[in-house]
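Read through the structure below, which is laid out as structure tokens, and then see the notes.
Note that the chains are named A, B, C and D in the order they appear, and that numbering of residues resets to 1 at the start of each chain.
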Amino acid sequence: MGKVRVAVIGSTGYGGVELIRLLLRHPHVEITSVVSSSNAGESLTDGFPHLQDVLPVDRLDAVDPALLSSKADVVFAATPSGISSKLVPQLMNAGLKVIDLSGDFRLKDRSAYELWYKHEAPEQSVLERATYGLTEIYGNQVREAELLSNPGCYATAATLGLVPAVESGAIDPTTLVIDAKSGVSGAGRGTSLTAHYSEINENFKAYKVNNHQHIPEIEMVLSDRLGKPVTTTFTTHLVPMTRGILCTMYGTVKDERYLQDEAWIDLYRQYYAGRKFVRVRKKGTWPATKEVWGSNFCDIGFSADPRTGRVTILSAIDNLVKGAAGQAVQNMNVMFGWDESAGLEGAPAYP
Amino acid sequence: MGKVRVAVIGSTGYGGVELIRLLLRHPHVEITSVVSSSNAGESLTDGFPHLQDVLPVDRLDAVDPALLSSKADVVFAATPSGISSKLVPQLMNAGLKVIDLSGDFRLKDRSAYELWYKHEAPEQSVLERATYGLTEIYGNQVREAELLSNPGCYATAATLGLVPAVESGAIDPTTLVIDAKSGVSGAGRGTSLTAHYSEINENFKAYKVNNHQHIPEIEMVLSDRLGKPVTTTFTTHLVPMTRGILCTMYGTVKDERYLQDEAWIDLYRQYYAGRKFVRVRKKGTWPATKEVWGSNFCDIGFSADPRTGRVTILSAIDNLVKGAAGQAVQNMNVMFGWDESAGLEGAPAYP
Amino acid sequence: MGKVRVAVIGSTGYGGVELIRLLLRHPHVEITSVVSSSNAGESLTDGFPHLQDVLPVDRLDAVDPALLSSKADVVFAATPSGISSKLVPQLMNAGLKVIDLSGDFRLKDRSAYELWYKHEAPEQSVLERATYGLTEIYGNQVREAELLSNPGCYATAATLGLVPAVESGAIDPTTLVIDAKSGVSGAGRGTSLTAHYSEINENFKAYKVNNHQHIPEIEMVLSDRLGKPVTTTFTTHLVPMTRGILCTMYGTVKDERYLQDEAWIDLYRQYYAGRKFVRVRKKGTWPATKEVWGSNFCDIGFSADPRTGRVTILSAIDNLVKGAAGQAVQNMNVMFGWDESAGLEGAPAYP
Amino acid sequence: MGKVRVAVIGSTGYGGVELIRLLLRHPHVEITSVVSSSNAGESLTDGFPHLQDVLPVDRLDAVDPALLSSKADVVFAATPSGISSKLVPQLMNAGLKVIDLSGDFRLKDRSAYELWYKHEAPEQSVLERATYGLTEIYGNQVREAELLSNPGCYATAATLGLVPAVESGAIDPTTLVIDAKSGVSGAGRGTSLTAHYSEINENFKAYKVNNHQHIPEIEMVLSDRLGKPVTTTFTTHLVPMTRGILCTMYGTVKDERYLQDEAWIDLYRQYYAGRKFVRVRKKGTWPATKEVWGSNFCDIGFSADPRTGRVTILSAIDNLVKGAAGQAVQNMNVMFGWDESAGLEGAPAYP
């Protein structure tokens, strides 16, 4: 059987080059088109010399649905939010399977989208065709997806860390606080003072406090799993590092049994049984972003505190892999019926 | 009038060399002895070449109370916890004023000390002579101190950030969550895997979750100000940077008025009126560790969230300055009746 | 006597805020105007919250020579090269003493300027009134300066490290290789991919190889001191850190005596006797950028190698202090007859 | 055909876990033993949680040649220098193929080894059986090796960058200066002040100037290729990053033709034709360590300078991959007749 042909829109961004890195190792696909709206016609490796001699295609294609449908079977759209909402329907109409990393198709509620994203939502009919690709939770739907909406980086770390706690009733869902920290690559390759080296290095700070667009996404998932509305307090911080997200999450324990770490470990091991990319940590150890660097793993650990009646749940991912490109490849694997971990095997890069 | 003579015990640690940096700029003191238990007799600048040509004394003295009392009027003890408990009474008996940075004299409750610090507490009689030097809160007691116990770095950032909220009743004290992040210099100069470059760089992780010895210190201060016991959930994280602490703190608002940022800003501006080292940030902006780097400032900002009924309070300090050496100098200034900011003026180093 | 009034043009750049930090500690001056071409009318501390509550003036003035001459006695022009060449003559005509940090007045040879800087050189008559402010070498001229041209950051580290070797004849001037490394703050606060966090962090690379505009400046000084033309090979690299320059310099030893480190140490100690800001390192130790961080020091060390007949000379500075703002203040001190180190005393910040 | 069984001695070091990462992706081998002298009997993933759920073996074996010969066909010895010299002969006597990363078998001259390494050299008879595994240069010998001595990290970057220049006569071999910079992982996982986070972060410095043990290794290779003795000046620096080596190398051009970059690019492209892991950069661009991060590539670039008559050659590698584990796997591939790049394909991780 021939390989599945893939195109990567947004190849000149960090999500795009990470997709390329992962897809190059994938046994069932070949990259047949690298696409950029702003740099069409140029050489990708001129801008990214690390790809010299490893990439079968180098000339950047324009964002042209007809062209892409002649070259590819599936398209990864690593495009900014607000662009995908317009582009993706055209790609679908051209007969392409689409895996969208933009965020535009995550929220089913158009008014919530417009409130948090500050631009017009995609059309309702397209939204209804989109599947939210948090594979560990919604794997069955992913299998059927024609338009796959890849979860947000923070949302992935937070929901994988909280869903079993909320769904099982072990935690009081009115008490959830999520303190999230991210490396700077999440801000993308576009230059700004926020990502300027001398402003970030040897610095730690919060941003978008109570105002991040992943809040409604996290609450959508938790509410769906609980079956009633969940509200959370969510803070994002910038860490002076390139990759990695750690979420430290707090809630009041509802059942005394869950004042023991072991109960949490058991709960999560059962919940995620058979899910290769969630690793539940041993008692007394907690995740570190470096321990998932470059991999598709989400590591989760616990500290239940009988003194306060709260549990602290920690989850870590590589924001560019499980938080973006890796999860997108994982979703493609499920959509095509391949092994979920095809192209994503192996160990994180440490140190 | 002659200058006050100061000795620095623990000069070969990070707290010690930071004390030296600040004391060198102080108008009313002179450093007459640098002291080290492990390196007595050696040259301080051999180990710390950055001090070449700026330090009037270089040969390290042994830890000898009689010698120190002949050379100095006041001693800073930047010694490890467990050492100070034995040493400080001897220094006091030798007639020296002591500013202790070790942590051994912070907790008034000996059993709490032994529970969290895992070694024997100082004698009760010495504990009773110790003044807890959180100057902005306990300045009146500091003025009379003979043994000054300098607050912990995390405890300083957390309590300065929470005391007005708790004391005013604006926040529900049963709901407090403190998510703290620190640079690596807080771990000191002793080598360990925890502070090994390749383990820390491009990494973010939690440590001592629900188990840090600053928990009882924070709760002691908050309980004292509220007049009844306060319990908090407290997590510490390591940031890949050298200096800085940021605390992100959460609690449920008790009074609807405090669902507006302005109410918090007003409350804190009034509470800290006249306190030069607390800077309340403008609405919509939050502290960053780099903005206090090298200075004695504690910056505080707010985000009240009507959606969740919670407030997020953020505070930032330089752990080696306001969290250690700077606050110790500030306390000395108050003890000697000098301007609180003598030797501590000026701007943070940015970037 | 009243304080000398100073204005800082370019206050919203890194050189500008570092000037402000140093001038705030200066005993003989007061900052009476902060100036910005692009942000006039705005609040400086809105853009630089680290300056909150420490700066006597906050509203940014426009670049208006008449206004500045009414407010200030001396102006620091931390302006981009190509701007100063036009602006400085106007400031001088308005009666102001000017200390220029731009580079526009360093090269006496207009054609060399235009070759390396790629824009029009200042007028010859203005160039002739400019004094090159490498204080340790040209202190006598600095005393008389009306227009002081502050040396480049790389040029400062390289020339302080090489002048005694070249001037004494100890080194063969036809064999000089300068391998220079700088922190990223040297690139300024303007955003660009070159200074984008994720591109710099965990990366080391060269830039402008054989093409940096400090090459003719270094050669101008060395040629002047030797009395005949000197050519050097010079490479610049970006280090993933904010501040600091280290130059590693190589040359063939002409006199066998200089195959011993001691000979170099003696030579430099004598050459720089009485110069407070040059610190010659002990045998077998070499400078590190952290050991001069935040200070005006230039540390210099040596390794003579009988095996190869070459000497390796290393020099380190903080690019924003001795390489820019600190040296500018030092030059002001000399121009006004004050102690050379006024406002610049004390220890580097370590760690 | 069954997979070749490999054991990794020194699995608890950075070289060891990087070997494991690469071998896990290798199509022709399986890891059958992870070995540690100091932690035998313990779980590898307890110390390296990033390996949880990816490693087929976890319990650390003791360093026991008989045991290893029963479990493995080939052994990677990522052991400290001074240990391998004793251990490797025992492993060979037990019938194992050995790939040694220690440095003990690189220098053929026992007195040079003892001069630079400061311990006793291996026996001459064992040295004579060792093949120096700089594959791009000595691939023919590697094919026949029973004991493969893997090159040093600095030596790899320097010699791959210089050999074509020296061997072709394009450069004057009496003028070579190598200015090398390395990330901190090269110092290993053993804790020391040299690798202590707060000493390294925001710092740049030289170490072992004119005294590094890779000097004789570099000179051995260059002398061998030229056919007469070559002496070089070599400086090593520590960069505040984890991985990566960049060498900036200087020499006087002997033939006017080589005052053009194109001549260098042509020379190197021809010299390394067919060698997948050397990438010659385009004119006007130079290597960056991040562009080879996590990969086995050595990138090389040039700047010839007619002004000075010198050429600047830059080479970059990942010190843990091409400088250690990756080159070791490459050598295994050649020894077993597999494709040189088996297990090493794909793109560097960027950013």
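One rule holds in what follows: a residue touches a chain if its C-beta (ideal position, glycine included) is under 8 Å from a C-beta of that chain, and two chains touch if they have at least 3 such contacts.
If you're wondering where the values come from, they're calculated on a predicted model, not measured in any experiment.
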| query | Going by the average position of its CA atoms, which chain sits the greatest distance from subunit A? | reply | C
| remark: Note: of the two pairs A-D and B-D, more contacts are counted for A-D
| remark: For the pair subunit A and subunit B, the C-alpha centroid-to-centroid distance in angstrom is 39
| query | Taking each chain's centre as its mean C-alpha position, how far apart are subunit A and subunit D in Å? | reply | 36
| task | Report, in whole Å, the distance between the mean C-alpha point of subunit B and the mean C-alpha point of subunit D. | result | 46
| So which bits of subunit D are touching at least two other chains? | 14, 185, 198, 201-202, 240-243, 288, 290, 293, 351
| task | Flag every residue of subunit C that touches subunit A in the complex, lowest number first. | result | 14, 184-185, 187, 189, 191-193, 195-198, 200-202, 240-242
| In the complex with subunit B, residue positions of subunit C that touch it | 14, 17, 20-21, 24-25, 46, 48-55, 185, 201-202, 242-243, 276, 279, 281-282, 285, 288, 290-295, 299, 345-351
| query | Once bound in the complex, which stretches of subunit A touch subunit B? | reply | 175, 177, 179, 181, 183, 198-199, 201-207, 209-210, 231-233, 235, 237, 239-244, 246, 248, 250, 286-290, 293, 303, 305, 307-308, 310, 312, 314, 316, 351
